[in-house]
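Labels run A, B, C, D and E following the written order; every chain starts at residue 1.
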Amino acid sequence: MSIEKSPLRRKLDKLFVPLTVGPTLLWIAAIIVYPTAKLFLSSFQFRNPVTNEMEFVGLRNFRRLIFAREGGEAVLGVFSPSFVSITTNTVIYVGFSVSISFLLGLGIALLLDKDLKGRGWFRTAVIVPWILPYVMSGLMWRWMFQSDFGAINGALQRLGVISGNIPFLSDGALAMMALIIADVWVFTPFIIIILLAGLQNVPEQLYDAAEVDGASRWSRFWNVTYPFLKPSILVALTIRIIFDIRALDLVWVMTQGGPGKATEVWASWLYRTAQVFNEPGTGAALGVVLLAVTFAIVASLYKIFGESPYEA
Amino acid sequence: SGGSDSSTEDGSGGDSSDGESSDGATTGTGSETMADEIVFYNAGSLEFDPGTEANIERFEEETGISVEVNEVPWSNLKTSLTTIWRNQDSTVDAFNGPTWWLADFVSSDWLEPIGLGSDHMSKFPDSLNDLVQFDGQTYMAPEFGKWGSYLYDQQYLNDQGFDAPPDTWDEVLSQGEQLSQGDKSGFAFTWAGKSVFSFKQFLYQAGGQLFNDGYEPVFVEEGKEVLEFFNGLRERGIMPDGMSSLGEGGVGDNFIAGQYATVESWTPLGARAIDEWDENRIGSAKPPKGPESRATFQDTNGISVSAFSERKDAAKEFARFMTTRESSKNNMLVEGNPAVVPEVYEDDEVQSEYPSWLLEDMRFNLENAKSETYMAQPQVDDYLNEQLTPALLGNKDPEKALNDAYSNIERLYQDIGLL
Amino acid sequence: MSTKKSPLNRLRRSLGLETQNEWPSVARERLLAYGLLAVYVLIIWFPIYYIFITSIKPSSEVLSLPITFLPQSPTAQNYVDIFTNRPFDNYTINSMIVATTTTLICITLGTVTGYSFSRYDFLGNKSLLLSIVGARMIPPIALIVPFFQIMSNPPLIGGLTGSLYDTRLALILTYTFFNLPFAVWIMKNYFDGIPESLDEQARIDGCSRWEAFVKIILPMAKPGIAATAILAFIFSWNEFVFALVLTSSEQAQTLPIAVSLFVADDFVDWAHLAAGGMIAALPGILFGLFFQQYIVSGLTQGAVKE
Amino acid sequence: MAHVELTDLVKEFDDVTAVDGISLDIPDESFTVLVGPSGCGKTTTLRLIAGLERATDGEIRIGENVVNDARAYERDIAMVFQNYALYPHKTVRDNMRFGLEQHDTDEEIITERVRETAELLQIEELLERRPSELSGGQQQRVALGRAIVRDPAVFLMDEPLSNLDAKLRVQMRAELNKLHEELSTTTVYVTHDQVEAMTLADQIAVMDNGQIQQVGEPTHVYSNPRNMFVAGFLGSPSMNFLEGTLEESSAGKFELDLGGAIHNVPDEFTDALSSYLGDRVTLGIRPENIALNQDGVPANVHPATVEVVEPQGEKTVLELELETGQSIKAAVDPDTTVEMGDAVNLRFDRDSLQYFDPATGESLTYDAKIEQQATI
Amino acid sequence: MAHVELTDLVKEFDDVTAVDGISLDIPDESFTVLVGPSGCGKTTTLRLIAGLERATDGEIRIGENVVNDARAYERDIAMVFQNYALYPHKTVRDNMRFGLEQHDTDEEIITERVRETAELLQIEELLERRPSELSGGQQQRVALGRAIVRDPAVFLMDEPLSNLDAKLRVQMRAELNKLHEELSTTTVYVTHDQVEAMTLADQIAVMDNGQIQQVGEPTHVYSNPRNMFVAGFLGSPSMNFLEGTLEESSAGKFELDLGGAIHNVPDEFTDALSSYLGDRVTLGIRPENIALNQDGVPANVHPATVEVVEPQGEKTVLELELETGQSIKAAVDPDTTVEMGDAVNLRFDRDSLQYFDPATGESLTYDAKIEQQATI
């Protein structure tokens, strides 16, 4: 009775999980193991630029990064001012740009999910900022915010909103704002794309059920759309935050962390330390700290959004 | 220069691409015979370095060694090189970079002494020779110069009733207010993106320097005078509004756009102004004299050879060739890069190409420009930048800023065992 | 006099703003949606527009005040310049090859692995997934040096390939590594939204797991695949730091590097940079336009939506 | 509580007209059952009343108001969906609570009502499960519970018992009946179960092809179908149709020549059928109105052969072949002892005869019967 | 074509034992119907046979092979899902083609079979539509079509007709019957429709609570339930149960004291019941086996009052109250003219009586009746 076509088919079927998961795991493992080991190892080392030797220094890199120094050595408990200010900058930068782009992206995705003629064109149009190379976008925004030739000042003046020039990139707070605007501009399309895909999974019949249950638009969003969108929100926020915590291109191109250190964030700090200062040890320590922070954030996102609607 | 930047590719056809993958095998390290190809890392596109490009073409023609030019974005060249050399990789044979990178590279043993004797090196000014030599070995052959220069808008100054620009810091301050009319600012300064260069330039004018011979930072006293000068500029409204740091990038553009009466900037801005403006609108002068001198900062570029290169001989030959008097002159003729060989300024061809007042200022600057090479240069610069920017913007007390920078740098040097 | 024939009404109908079969509020919302989208698109395109007009201004106009929003003397000179001077064709081809290959690998492995994670319980399923995604949480900047090391002297295959430095393959390997965890994860989450009863039906219909996956589930996962593909493509298309470190010549350098080469040491050549930027963006935009129907249908079709 | 009125209602999908101009009056507090073949537009009609679809044409009134443009959440209705449409991410309890929460019901009342309803539907033990952990029938009960837990103006129920076993179904039917007696909420109910339709309905509407064929009290419609569609649709096994030519006998009586066999038409229909003399007429007789092995006027007793015997528990269905070759079904007592091949005599119950125009399907005797019933 | 055998099959979900050790022999070419209350494990049993769930314990054989570990696709079965599970992105045609394509059927054959099947199910016109554009009943027919278009070793059907109207259902039932006669494919069929169960089944298995209560020929099980569960589950309205004390009359006959009224136990059961003398015994009688207004031995005629009259078209169901206060249902002819409040005499059909142990629910007379039937 069996319609068994070939033992091979059966073998393949039985090996489905190993065959589908294996290559990916191998790929990732093959590439990740060495760099990660190296990263952790380096975080305990210090390269002396004079002797050019890597010295084992235990946790000193971490201590010096995080805590203030007094008389040469780091004092546990007192945070270093630069750690505090850069962390604050990062929180502001990531917090604002992620939340603004998320809300904006969600709104646009909901609009684009509607049955609109020509929505294909809208979708393409909306994605474009993300297609431009980040370096290009960063330069473009630097150019837009430039105080004399910048289009923003130009347009605001033309519209009569301001009379003089606003030196966007010379003022710490304004520079941060400019960075956030650029970041939102570049990455909102990503949110839109992910959420738009997620919206396809909401079973239409549940909207009917909720409507009949008397649910208002808002309530329908929370009780039908949102639970089905959760997995996509998780993806969107996680990737967005991971990207932003380490986003270097825009910052480096637009402000290089300046003026002063007003827009220095973890990513630029890490790059500066590891690549520019050529202090692989301190950079690695910073990388490990970033890894831990990212992990914590992702874990908490998982807690909030990590449940599929069909899961028991 | 109409030449295509990919001429190296065109010229050597299939060879260059084949050579890339097989060079390890064909080129012995002993090299009784010189390699027929080298890889040269250039900062930025050669399009912006037509002088270098022209000299490379000459080099290839005359030596038969083909040069594969890898263009790396300016701001990233040092990072790239560091990454490559940290892995002791032989990808790079020679590169083109500034002198101030040398201290770190040399102490890391990443550079090969290029072995150029005094017959080659003596034509450069002593100050320059000092910058490229460590423990008696030469690690870089100076190729073309960049240093501070003082430019002004002749037309505007005339309109305002000035024959000549301010000649001292005091005059900058006293005449600046009158020069700052409407949209115009009286005095601006920049080494775009490099705050510390600007600072050093004024520091040298004030008679200071960053470090003494014992690696001790010694910039605080004179630094205060510099910041006081800036303070004066800001208070009198002479300094432009949008200035965000000593490395403000827009200054050059704004000068070209006619926003500034006078500007103390680096040399290429002069060439740009000549291109964009009427011949007689641009004016040049020796930098305003500070408390001590008219010295400017020197950001000379040269060519070095990688310690990991497998084609060192060819690379050294390249370094030599690119820095002969002939090449220096050629570079200046083609691109306008200030020659680092004083004699070149007397050359007829050069004289006929450039106005004599400009040549005179250039040569003056070449001979009076100063620089320092010091360990952990990026960190040191970062510590300075970090403190100077708020001080410049009036957000931090200058003395406190300088002292903070001082103690940071001192601690850094203690950490690495220099102090 | 029938008002139905007026052009305004025709427009309303062709935009679907007026149908008997549908709620007036839906039609109103649609109008509002058009309005909001139009405003949004105008705003986000303003910088692109400004870059575009900058690219067709002569340098003198770029740096003259007051700034102009309509070029006074439009010129193609900047484009001519960069094309005669830069190997933009190479950069574009490199970018295309790297981004497309990476994307293909990522969606292939990402979908199959994501599917298994969604459907099957295997050893430490959840924590395994977390560690795959976790692998991606290490800040890439912190990995630059070891990556360079791996690529310049690849372990295991090193003898076969030699150094991968300055090859497109190095970039492909690297980008795949960076995108794959996300691809797996996005797809896993996407498959979670497709009811398992459809897999079951397929198996009843005589499909092995592979066939059920390929023939039934995959077509329904188009939106997720499209999103993943776009993500991987754009990441690879835009990546700068690793491209910088792992490549050095036009045989492997990609467009972001090409664009950044317009930033000279002493100044930014805005007019040419803008032109270069437009060129660098163009393949992406064209790609977007050309594939827009696929992206859009990918993003909507196959959905479980009833 | 509300009166619902549909007037000339039309709903078109792209190329299908699902509802094709129906007018139906659903009195306040009534229990109206929609029946009709699969795809005839029942669900669509409910969705139109619910406000889930917008009418292409026509008018819907709930209470005093024309609600064509009101959305579902503005209409205060509760609906049981044919495919359940449970929220997969909510527990059974939360599925049931949801509608009440939307109407700002007090927490205590919610808890109490959910408990009561769950008990009624025998799903107390499932309250904490997710829909994916329920059997089909359990899901359906939850879907039903979600609706009846509320106290809406109108209940709309789309085959709410179709997945339940007979016993539970009888119980649920009784509960629905009781519920309706208690609450008197206007209810529109779709079912394909005749027993449900007959026992629950105050009025039954038979639909076909997007149109309403007949509306009325269930037993009325069952006994007095307006046309062959209704006659054939209600009842299982369906009514037998025998076509013949109407003739006048020598005695002046009408008789139907079934192609050999003669059927006597009762006198009371003479008027109604007179214009069809000489034409084709279809006789309709339900299987349960056929008695076996009866004597009588030869013209009304039809010999037949038993072809198939289908015992169905409470009754046995026979397929028989008349002498004329026509096939006919009869439902008889389960203890009737006949076997395949047996020759039997059939007698058609005189009171249950129906006559139709075979061309249009219209009943020819509907008015006459109504009149007659009224006079009795 | 294959024989299916389940041995001690168990399926546990996290905290629910859905199938609790069932053993069932499904002969080759048989048509086995599973019935049982909602949630009793019918669907789970089908899924176990299909290979969609892995058995927690026990053995499943298809043909010669133990298939516990075989993949679903190796089992060559076709299944109709209770919730349809149509591929939403494929047209009806492609939904139906898919299974055949998987089995490398020739293009021509596929086209032909799909055409035939669509015709059979009256869905030819829907072939190009997507599932979302179909009514509930149409979807169900497509789900059915998708299975029968194939020619598998075993058919598994989970309530495949539950969403169809009575008429279509009768047609489909007949078609399924015909199909089974033609193809003789082993079929396991879940339904809650008694008529379906009775008419389609070669054997019927009654499940409750994850266990099989009784297996056998449908009429056999209907007339000879092994226990009160089976007796009560089959038949609608359900069997009436009257509990009383078994006593011996002066005449040496057994009688059941129903709390006032006396019921005479037929002699043939004396042996079977003798051990229960003096104990409580439950009498079971189906509503259709109760006749109205009959005279006879007073002890077997029970006076009762009509409480509810429920006309259901082809029959009328009465709810009556016995003198003893017990409630009882009777199904009578629709023309029976009784009204609420009428006093009637009930006679229980002697041949249809059942006796149970009220404590265990087991039939006390099962063996006696079987024996008796065998001897007749």
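Couple of notes before you dig in:
Operating definition for what follows: a residue touches a chain if its C-beta (ideal position, glycine included) is under 8 Å from a C-beta of that chain, and two chains touch if they have at least 3 such contacts.
Please read these numbers as outputs of a predicted model, since none were measured by experiment.
Taking the definition of touch as given, a chain qualifies here only if it contacts subunit B and subunit D alike; those chains are A, C. Farthest chain from subunit D (centres taken as the mean of C-alpha atoms): B. By number of C-beta pairs in contact, the leading pair of chains is A-C.
Here the CA centre of subunit A is 60 Å from the CA centre of subunit E.
Subunit B and subunit C have Cα centroids separated by 39 Å. Subunit C and subunit E have CA centres that are 58 Å apart.
Annotation: 16 Å between the Cα-based centres of subunit A and subunit C. Across the assembly, subunit E contributes 71, 73, 76, 83, 103, 132 as residues in contact with two or more other chains. In subunit B, the positions touching at least two other chains are 75, 79, 83, 86, 253, 257, 259. Shown for subunit A are the residues in touch with two or more other chains, namely 3, 10, 13, 148-149, 203-205, 228, 275, 280, 309-310, 312.
Pairs of chains that satisfy the touch definition comprise A-B, A-C, A-D, A-E, B-C, C-D, C-E, D-E. Residues 50-52, 71-73, 76-79, 81, 83, 85-89, 98-99, 102-103, 131-132, 146, 150 of subunit E are the ones that touch subunit C when the two sit in their complex.
Residues 20-25 of subunit C are the ones touching subunit D in the complex. Interface residues of subunit A facing subunit E in the complex, by the touch rule stated above, are 1-4, 10, 13-14, 204, 312. On subunit B, the positions that touch subunit C within their shared complex are 4-6, 9, 17, 20-21, 24, 39, 41, 43-45, 47-48, 68, 70-76, 79-80, 83-84, 86-87, 89, 91, 146, 183, 192, 249, 252-253, 256-259, 266, 268-269, 272, 276. Only residues 59-60, 63-65, 84-87, 144-145, 148-149, 152-153, 162-163, 165-166, 244-245, 248-251, 253, 257, 260-270 of subunit C touch subunit B when the two sit together in their complex.
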